[in-house]
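Look at the two complexes coming up: chain A is in both, with chain B in one and chain C in the other.
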Partner chain A sequence: MEAVARKNDARVPVTVLTGFLGSGKTTLLNRILTEEHGKRIAVIENEFGEVGVDQELVIGAEEEIFEMNNGCICCTVRGDLIRILGNLMKRRDQFDYILVETTGMADPGPVAQTFFVDDEMQTKLRLDGIVTLIDARHVWQHIDDSDEVKEQIAFADVILLNKIDLVTPAELDKLEARIRSMNAAAKIYRTQNAGAEIDTVLNVGGFNLDRALEVDPKFMEPEYPFEWSGVYWLNAGSSKLRFDIGPDPSMSLAVLPVEAPTREALQAVEMDAVLLFSEESRRLASGGGIAPGRTHYELTLDGKPTEFEVDILHAGYYAFFTEHRPEEFQAELHSQAGPVVAEIRREYKPDHEHDEEVSSVGITISGDLDKRKFNQWMSTLLQTQGTDIFRMKGVLSLKGEADRFVFQGVHMLFDGRPDRPWKNAERRNQLIFIGRNLDRNQLNEGFRSCLV
Partner chain B sequence: MDIFSRRGPQRANEIKAQVGAALGLDDEATVMVCELACMEEGCPPVETVIAVFRPAMQKIQFRLHRSMAEITTQDIEEMCAQHVNSSLEKNHGSCCS
Partner chain C sequence: MPGLIERQSIAPAIPQMWRSSLDESAVSVDWSASGSWLAAASASGTACVFDAASGDCVQKLSAHRVGATRVAWHPEDARFATAGQDGFVRLWDARRDGLVKELDCGAEWVEHTAWSDNGRLLATAAGRKLKVWTKDGELVREYPDHPNTIAAIAWKTGTEELASACYGRLQFWAPGTPEALRAFSWKGSMLSLAWSPDGRYLCHGNQDSTVHFWIVKTGKELQMWGYPTKVREVAWDHRSRYLATGGGSSITVWDCSGKGPANTKPIVLNFHRAPVTHFAYQRAGGVLASGCDQGQLALWKPRKRAEPDAIAVLPAAITGVAWSPDDRLVAAIAQDGSVAVYSLPDRTG
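Presenting the complex of A and B:
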């Protein structure tokens, strides 16, 4: 259906090719230009002059940053691109596709924003995707201290890990994990001599609202501050939570009521637990009482066996979220009738491969959003952090609206519209942010505050 | 800023045509119209940036502190006339770029 939608879209698709010097951009470009794929491609590249290559249209662009507003990156576009695209569109009948090759040091933000700023441009051109090539061997020399490399990774819809013949599989896995921690929404391919299938780099639909959230579902899982959760049936009264000697002197814990001992019911409260763990904890010494609800406990274990009272007012299912796995402390829960076993349990494996600055935050929340509240929150967020939010995509469930609302943006510029009806599907909201210095808890809390 | 509002290209196209006529632009020129709601310090809450790009010439840039919908034909004519006069006086490409 998506392919049909793209076929019916009369706008010219545009792919932006980024990548550091030596990453293989030119090799890929040459392949695209010489391979039989049936597309007539106009290429805008960063060299002076205008030459024809194998009946293709290649136009040189002089990189020209156009700051519309006091140097604010959110209002910065590429003047050269605007001019060239404007002229190119007068020769619309000569090509089917546009490929923009940027310099190794180019910031992809202004390039991408160029396709969003002008209403007419948006009706004629469709930014299909940003493809970033990475030299798998040499990228380590730049990845920590080059803003350009980080941004080229963060903005990408498709990442080609190129020159894989020059590194070991273990090095490649490490690099992929690092890149994944920065941009979890991009599709990553491993290539040698930029030998990717043409279909993986052209017409990828990276900026297609119909597939705004077609990302690896694992990405939508937040980075959990706890390692374990289990759902127990507890009768009204007091139960005891016992710990033996373990590897840590304390353990964070939250207990929340859940509907049922199912994965879905557990999932419904996981975000509450994440938020709870971000709040200040209440220290509790052995013998202290734990009540289900909105308290983040820090149990003092002190390297000796300890016991805590769990006070239950109403019989029901309760999810225990623990900072460490209970096995590490031989933890046990005992009701008055004897040991209680978790009916469902889940382990969370936090990803320890982090980039300190650039990261992705995915949020999923069930329920309907208040349109006014969301608008206000998003406006404030983009006004205050638009510079650091490189890309965002979302599918929203708006109160009173039968259709899904899909949107995506680059810095402060965005494009959104109602999509297909929800029908019987669960109404839920999904948002992805990719950017610098993102505060996961702040984004979670802010988004949650927009619920009806 | 309203994430839920959708604007077509009509108003931008009207402004482009008016700017083109007022400045006597030829086919080689590209006009860009963009409404900004930037909250950076020193920026007005809403402004419309109009830029004219021509080959081998300096770009012309106009800023109007109002939305596209609020811009009148008179605004455009005055702004372009001012640019033309200023260019004649100073004998160079642009007063605003």
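Presenting the complex of A and C:
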């Protein structure tokens, strides 16, 4: 019954557009209105940019943040939206869609919460998604010190890296990696003139439990203790690994034989490297010798040019795993014949050493959860860290339950229910937290302790 | 053989006098002082004046460019005010068939307008702007901007003192004074205001699912908790004894006599199966008319029975109810545009 009711969800979908002034929100808004011109769309605009919105029903409103008497952050809502949307919902001829354009300084938290805390909003409207536009060129001026930029990225279901014509592909890659490390669940598109396909920004179901875990699995991948690996062909004998002056005083390294210069062969030894990196390291000063195999080296660099010997007994392919990217030290590998170039290389999502205030923590663990323990853990977590948890979503395997349990949440608001049966699928838990100052290990350990 | 039968209230139907319809959702309804006319306004900006006896639409006005929000009849004369989402309140004469005056209220949406009991003054609230006008539409005063959007206004019964509510603040105003006479701080979002007719209490329903009372003279306050949803509807009976409050599908009625409602058990009226959207007490009687989101209309004598005395149904959510000046008729409007007038069943009232 419930599932049927949801499929025929008659609630009016709402999309929230966030992003700094000049990031292209109004351009996107106008594109949506043009392409969806047959539909009845209401626009609520908090920001009045240089571009006008070409639509009859545009309601301008100033943002009004309402905190409730009890001071609980999850009860912070947007009074202007409750008032205006409540009014729009009184009409007989309902809208097909509602678009809300926030100011560049808006905190998406209260916007999202408005749709879950207020019963009238919840029964008549459905928050479809938060779309954040990023000015690919100018965002660098704010990304480090603007809470608003970080929050808008963290809350987003869809992120448009806009104005890509103004930056180089390398800058764009760097930006995307940075954003991805903050919000691993959002879908990221690169656009010029906010030229996204309408399907990618409307009806995204960002808060829909049925789509609670459409997270691209590659973003759920584990964190690696190294940032880089490269596979080299080395002849038997001694090669030299040279480093120029770099930013770090030391660097962890491991060298492992691999079968071939392929992604698969590299992957086959990655876990070995992760294990090696967790073992105690052997310090090595400049001039020291490195042997492939089960040793975790810590090379002393000390801000000077250094050189290490790599001693190879059998010619073959070897994978070098390095804590930092070799480019940072202009690292080079020289055999007797001259410089050797990596035949394949891979960069890894860096292990967050608290350098990014806002981050995503993905957890994937097989097995069943103890319901009581999980409830206890989650409720404590939300009570103590709910302010810093912007969004979360996931699929859980609860002991004794034939159905998957899906959930999503905003700050302290938790919304979950049983979903379809597991049947023959492997029962496992997959969840993601996006927030500020998240402690990856603590979250992982805490969650693991809820297993039966 | 004894058995269990689910007890169902089979209340008699409220006799319908007539029913008409507006072009869009009906958003506000009010009776003329004489009781001869009924005015209703729609979400498209249309206002209609109906002959109260026949239900004929005697005037159809394109009152506002966008939606209308309120219609308020003057307490004595044959004129009424409409407020709209175009920033204006317009004064209309029911006899002369036309616009008397257009009042620029200073912001895009005029959401509230109200006549003082003596009919001398009209207050308008649009965004943060509160203005007071004469009955002919001359501006008497524009007060300093509120810190945020005005959520409700209410004249104190029989006086020219006006209360306004916005997020965090209740303020009191007089036409002769440019600044607020007084202010109460309350951290939260108020949704409605209701003076007890004796002026002792000022009460507001709130976004945080509470109802708050002020004993105005002393500034003492009192809060009622435990509502399942936000509370918008609050209404006093004419003797200032009972306060009906909404917030969910039940209506909770507090007895405010004696020492007040603190630590007393309220009367809870259960019939509606959807959130209660509107209700009103008779002007000089004890009957409460209530409407809900599913179109059910119910008449209650809450002091005597916790079940409705009579019921009726409209095809969509009830968006307003109003008693005629003689308390013998009740008008109800709905989201599908319905405007209906019912007469009080014999055994009620």
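One rule holds in what follows: the second predicted complex is superposed on the first by the 291 of 452 C-alpha atoms of A that agree within 3 Å, B and C clash if a C-alpha of one lies under 4 Å from a C-alpha of the other, contacts with A are read in each partner's own complex, and residues count from 1 in each chain.
To be clear about the criterion, a contact is a pair of C-beta atoms (placed from the backbone, for glycine too) under 8 Å apart; a residue touches a chain by one contact, two chains touch by 3 or more.
Because the structure is a prediction, the values reported are computed rather than measured.
Trainee: Name the contact category of A:R92: first (chain B only), second (chain C only), both, or neither.
Mentor: The second partner, chain C, only.
Trainee: Between chain B and chain C, whom does A:N437 touch in the aligned arrangement: first, second, both, or neither?
Mentor: In the superposition, A:N437 contacts neither chain B nor chain C.
Trainee: Let me test your reading of the model: by the given contact rule, A:C75 touches which partner, first (chain B), second (chain C), both or neither?
Mentor: The answer is both, since A:C75 touches chain B and chain C.
Trainee: Per the contact definition in the header, classify A:S449: touching chain B only (first), chain C only (second), both, or neither.
Mentor: Touch partners of A:S449: none, neither chain B nor chain C.
Trainee: Please work out whether A:R83 is in contact with chain B alone, chain C alone, both, or neither, and reply first, second, both or neither.
Mentor: both
Trainee: In the overlaid three-chain picture, which partner chain does A:F66 touch, first (chain B) or second (chain C), both, or neither?
Mentor: both
Trainee: Looking at A:D118, would you say it contacts chain B, chain C, both, or neither? Reply first, second, both or neither.
Mentor: both
Trainee: Return the chain, chain B or chain C, that is in touch with more residues of chain A.
Mentor: Of chain B and chain C, more residues of chain A lie in contact with B.
Trainee: For A:N30, decide between first (touching chain B), second (touching chain C), both and neither.
Mentor: So A:N30 meets neither chain B nor chain C here.
Trainee: Applying the touch criterion given at the start, work out whether A:F405 contacts chain B, chain C, both or neither, answering first, second, both or neither.
Mentor: first
Trainee: So chain A touches chain B in one structure and chain C in the other; where do those two contact lists coincide?
Mentor: Looking at chain A, the two contact sets intersect at 66, 68-70, 75, 77, 79, 82-83, 87, 90, 118-120.
Trainee: Show me the residue ranges of chain A that touch chain B in the complex, using the header's touch definition.
Mentor: Residues 66, 68-70, 72, 74-75, 77, 79, 82-83, 85-87, 90, 117-123, 371, 374-375, 378-379, 382-384, 405, 407, 412, 414, 416-417.
Trainee: Can you name the residues of chain B that touch chain A in the complex?
Mentor: 1-4, 6-9, 11-13, 16, 27-34, 36-40, 42-43, 47, 49, 51, 53-55, 59, 61
Trainee: Which bits of chain C are touching chain A when the two form their complex?
Mentor: 24-25, 27, 43, 67, 69, 85, 108-109, 111, 148-149, 151, 167, 186-189, 206-208, 210, 228-230, 275, 316, 319, 335-337
Trainee: Can you tell me which positions in chain A touch chain C when the two form their complex?
Mentor: Of all residues in chain A, those touching chain C are 59-60, 62, 64, 66-70, 75, 77, 79-80, 82-83, 87, 90-93, 118-120.
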